[in-house]
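In the two assemblies presented below, subunit A is common to both, partnered first by subunit B and then by subunit C.
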Partner chain A sequence: MPPREGIYGLLAEFDTPGELVRAARQARLDGWRRLDCYTPYPVEEAAEAIGFHRNKVPLVTLVGGLMGLVAMFLLETWISVWAFPLNIGGRPTYSWPAFIVPAFEWTILFAGLSAAFGMLALNGLPALYHPLFNAPNFRDGATTDKFFLCLEALDPKFDLAEAKKYLESFQPVSVVEVEY
Partner chain B sequence: MNEMAHERHDAKTLPAELGAPALVDGWLRRALSIGAAFSVIAAGLGFLDGRGFDADHLLRAWLLGLVLTFGFAVGGLALLMLQYCTGGKWGLLLRRPLEAMSRTLPLVFAYWVVVALSLRKLYLWAAVGDVKAALQSGWINEVQAHAIAFKRPMLNPAAFTWVSLLCFAIWSFYTWRLNALGLKRDADSAASTPFWIKKMENISGPGMVVYALTMTAAVIYWVMSLDPTWYSSVYGLLFLVGQGYQVLALAIIVAVSLSKDEPFKTLLRQTEQHDLGKLTFAFVMLNIYLAFAQFLIIWSGNLPEEIPWYLDRILGRWGVIVTLDFIFYWLIPFTLLLSRDLKRNKKRLVRVCQWMIFAKAFDLFWLIEPNFKDAARNLHFSWGIMEYAAVPAAMMAFWVAYFCVQLKTRPLVQTNDPHVAEILEPEHVSA
Partner chain C sequence: MKRDPEREERISLEERIDPATGEFRVIAPGQSFQSVTEKITRIVLTPATPLGWLALFGLGGALASVLLVAVTWLFLKGTGIWGITQPVAWGFAIINFVWWIGIGHAGTLISAILLLFKQGWRNSINRFAEAMTIFAVVCAGMFPLIHMGRPWLAYWVFPLPLTMNVWPQFRSPLVWDVFAVSTYATISVVFWYIGMVPDFGTLRDRAKSKFAQHFYGLCSLGWRGSARHWSRYETASLLLAGLATPLVLSVHTVISFDFAVAVLPGWHTTIFPPYFVAGAIYSGFAMVLTLAIPLRKFYHLEGLITERHIDNMGKVLLATGLIVAYGYGMEAFMSWYSASHWEAFMMWNRIFGPMGWSYWVLITCNLAIPLTTLWSRRLRTSMPFMFCLSLVVNAGMWFERFVIIVTSLYRDFLPSAWGTYRATKWDYMVYVGTLGLFIALFLLFVRFLPMIPISEIRTMLPGAKVKLPAEATTATEAGD
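Then we have the complex of A and B:
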């Protein structure tokens, strides 16, 4: 694959989440589909504004948790009933109340690990390179106090001059071109 | 600074009229008619046995109603103190409904008086005067005879009455103090806000410790002592968490139902609703954690002093009830509240909360009824047992009516609080 060249997109910088959400909502309404928001902390309304409603992390977490539950419960049952049966206070070898606590712990452990790794697998991290870091204002502000909206060049509506004018209509602090 | 100026454009304004909307009158009327209907049913059920009036089950069910409404009144007071200590916009939202719950204490006291006057009918330790004679006649067994004689200094009618009265006095003091200061705070200027935040915190912090102790004492006397032979050191905590469970469920129902009209229409944001849902979920989890911990420890120990309490509640078809209790009280709220969408959906969240209050009453039935000789290890139908549905429903309905009366007495939001400005802002500002 040849190296990608040219414009990645246009990046508008805002001072407040309110302005970003307003702009993102309007852009989505106006038919933009290849666009993304970048904020220093999670702004759920921004995600909703660009049509990003749900992801699969909760499902991955649930499945992981259930796997942990079943795995540990079966492991305990196998050990206590078949592999190494012990007489503990005259109780039956299959004493399920005693199995609950480790099974619960494994539910938490598997759910937690599934959430963390599922999130990484689904969001494409770790990424070694992202074109937006070519923009100095993004490097400085995206993780501190600035809010960004990026219209990507892949969008069929994208025309450099038009898109720039369009973004400026939201009165951002700045609009910069970002190269690949 | 420029940033602030920008955001204010989007902020909503606090409605001019902050009193309870007219729909609360509708709740009040409905609660009164439901209360009246269930009172008639409860009275009728007493006669259905065909052996004269059966006051036994009526009183047991009355005790359930007392514990349930007590949970809302005193649990409401506890959550009121908790939110003064933690802060947070959810606390501002619930403050006035929680204050109204705490002010229903007189009604709970009236309910308690009936129990205090019927000690001999409800509590074995009160009914048995001469332990030796009772043992010889076969009324009580050796274990019960020993426990009743040994615990006599604690389990006697005078101690029951005085400890309960002391608890009621302490809860009344905190209710009065926090409610009175709540109004005074609103009348004061905005400059005084930091003083009031500290002041409420300083009362509530120690208040929560006092609440935990007095509530534990009350439930030990009222519920745990129904079986004089048994004890559990986590009992108070179990009820404490149970009160958080039921109070949060009711508070969500109230807040969401109030949001059909002003001022809660403006005040209730999805963020805070979601937060309340998450907090409720935490209590659902903690609840089963403690309940199961108590069971696991007693099951592991398998001691003759402790295990009969569970056997009374598992054998003789009670196994069906305890399985349903596990499903109703934990599994259903737990699995449903896991969903983020559900917690953000007003209608569905309210349905789950209504279910939780029913489940709480169901759990209390499982806790209370097997204490009695005719029911232990022997779940069987009688018309009397239906009182467990009718009496608490009537008592709860009258409690709701009284709560509505209290809710109408003051504005629904405390205005002298910095959270008011925050809660009026769009959700993304403080997301």
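Then we have the complex of A and C:
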């Protein structure tokens, strides 16, 4: 994220996941698009509420797994047939049933690494800095027991005073401005 | 560590049982997001290291230095210092390799298979079971390496473009093993680390010292709990679990191929893959119990690792133990039914031969003791009993590998080629040394990393479920 000046967004703090989901769902219905929820544990309904229904992690994993499968099978074939053919008890050099096991292992290996690193990459992690950590109450709560809704300043609907009033209508514990 | 009298110890038996199911509760009543977070992070973030931890770490370190001495001497002199010779060319090293790998399997089973089966109770124990997996694989992986006459050439097992133009022989199960075990180690580490990322975020935000904030901050990769992140995170966890499940079954299957593909009586049998996998889970759950029972006592985690966990693990032990018993029975049956006198002699020799004592140790530890007692719920929830039983099963599973390897090898086809096997002090030193290494690594994990997944425990607390206020809108959102 390039360094910016000014306000990143407005952060509303809630005590329960239910209040958060209600606010997020309403905000999205009211036309907000640049918004996000922050919870100390996965709250599926929160992602649904902000309109995040599906992600690309399964696709990345599938592509990774297929790459592993093809790479290992070709490697085994090339080694056993062309690079270093060995006569093992008269068996054919292209003994494809025996190649299945390492090819299977590499399918799992590549798929697993793709799932993990793909998830991190799609999430934009690792990130050394994020403006949300400037909010005084974020670090105390977001990883322990509080639930946050952030309306971001990049949203075309964003107007500091009005957005603040809007968030306060959901009766949060607090609404704070988050600076870059 | 401050030892305040723990309130959950005073909670009566009625409160610890869930009236809806009649089972013990997965989490003791009276826990909140705050209390759970506080309890688990305090173990890691406290500046005071408990004396008991230091003492045990000292013991682990001392044993690990025995390993260092034994391996140094091994590298100087070669594998001749071990008891291996013809005809028993696979001795302690391979026994220990299979034993350690098997122990690791329970961690993956708990973290992956039980996740797919939506067994919520696994949440309290999955993190340290995964840690156990990784450290067990570390100990296991060492054995094939040091068993090579020239361990500095270990990289030859990988398909690398070397100047000699020598490549691995992919029709050999020993080469499959390289890929199975290395994939298993990698995926286990990745699964474990990804699972800890949100908890690192919690530790970062609760740490008082600058160093801890930076350390856990870097480990957390900047985790901030965004709903979009959680969504991808949950997908990735589920996918990793789905991938780890066939992986863990394949690993011990491939290890059993190391034996089953050989023509040796006692090895050459098709029951080996399922029988090895069940045995692996059997020994692994025993090791989880060996670790969990002292841990919950020492760190006062009775509210998070409850009788329910111990009870359920007892049931898994019973189930896998019965599969193992079936395996033993089938081996004996097939040696008769095959009408091969090599097979029949092998079985007779295994039970009544000069090393028959090891078979009877195995039957006592793996079948006679656990499979008679584990039916009782009172015994399954008795901590001293389960701890002792877990040690018995661990020992029994070690003897199972001893029986499979040694009693099959030392008297094969030609009586003129028969021999015997006697382990030397260096064999014992390496084995005991890996136990020390395991203890030391596990203690470091308990002290510096969150041993119970905090974010997963939170999802199980009352109040974690989304309860929408009455006036909530039920309109469905249009997709993106």
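In this section, the second predicted complex is superposed on the first by the 177 of 180 C-alpha atoms of A that agree within 3 Å, B and C clash if a C-alpha of one lies under 4 Å from a C-alpha of the other, contacts with A are read in each partner's own complex, and residues count from 1 in each chain.
Here is the rule we use: a residue touches a chain if its C-beta (ideal position, glycine included) is under 8 Å from a C-beta of that chain, and two chains touch if they have at least 3 such contacts.
Fair warning: this is a prediction, and the values are worked out from it, not measured in the lab.
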Fit or clash between subunit C and subunit B when superposed on subunit A: clash
Which superposed partner A:122 touches (first subunit B, second subunit C, both, neither): second
Touched partner set for A:161, first subunit B, second subunit C, both or neither: neither
Winner by number of subunit A residues touched, once subunit B and subunit C are compared: C
Footprint overlap on subunit A, where subunit B in one structure and subunit C in the other make contact: 16-19, 21, 41-46, 58, 91, 98, 101
Contact footprint of subunit A on subunit C as seen in their complex: 32-34, 37, 159, 165-171, 173, 175-176, 179-180, 183, 186-187, 190-191, 193-194, 198, 201-202, 204-206, 221-236, 239-240, 243-244, 246-247, 250, 254, 257, 455-456, 458-459, 463-469, 472-473, 475, 477-480
Touching residues (chain side subunit B, partner subunit A) in the complex: 2-3, 6-7, 9-10, 292, 295-296, 299-300, 302, 338, 340, 426-429, 431
Of all residues in subunit A, those that touch subunit C in their complex: 16-19, 21-22, 24-26, 28-29, 36-53, 55, 57-58, 61, 65, 72, 75-76, 79-80, 83-84, 86, 88, 91, 95, 98-99, 101-102, 104-106, 108-109, 111-113, 115-116, 118-120, 122-123, 125-130, 132-133, 138-140, 142-145
Touching residues (chain side subunit A, partner subunit B) in the complex: 15-19, 21, 41-46, 58, 62, 89, 91, 97-98, 100-101
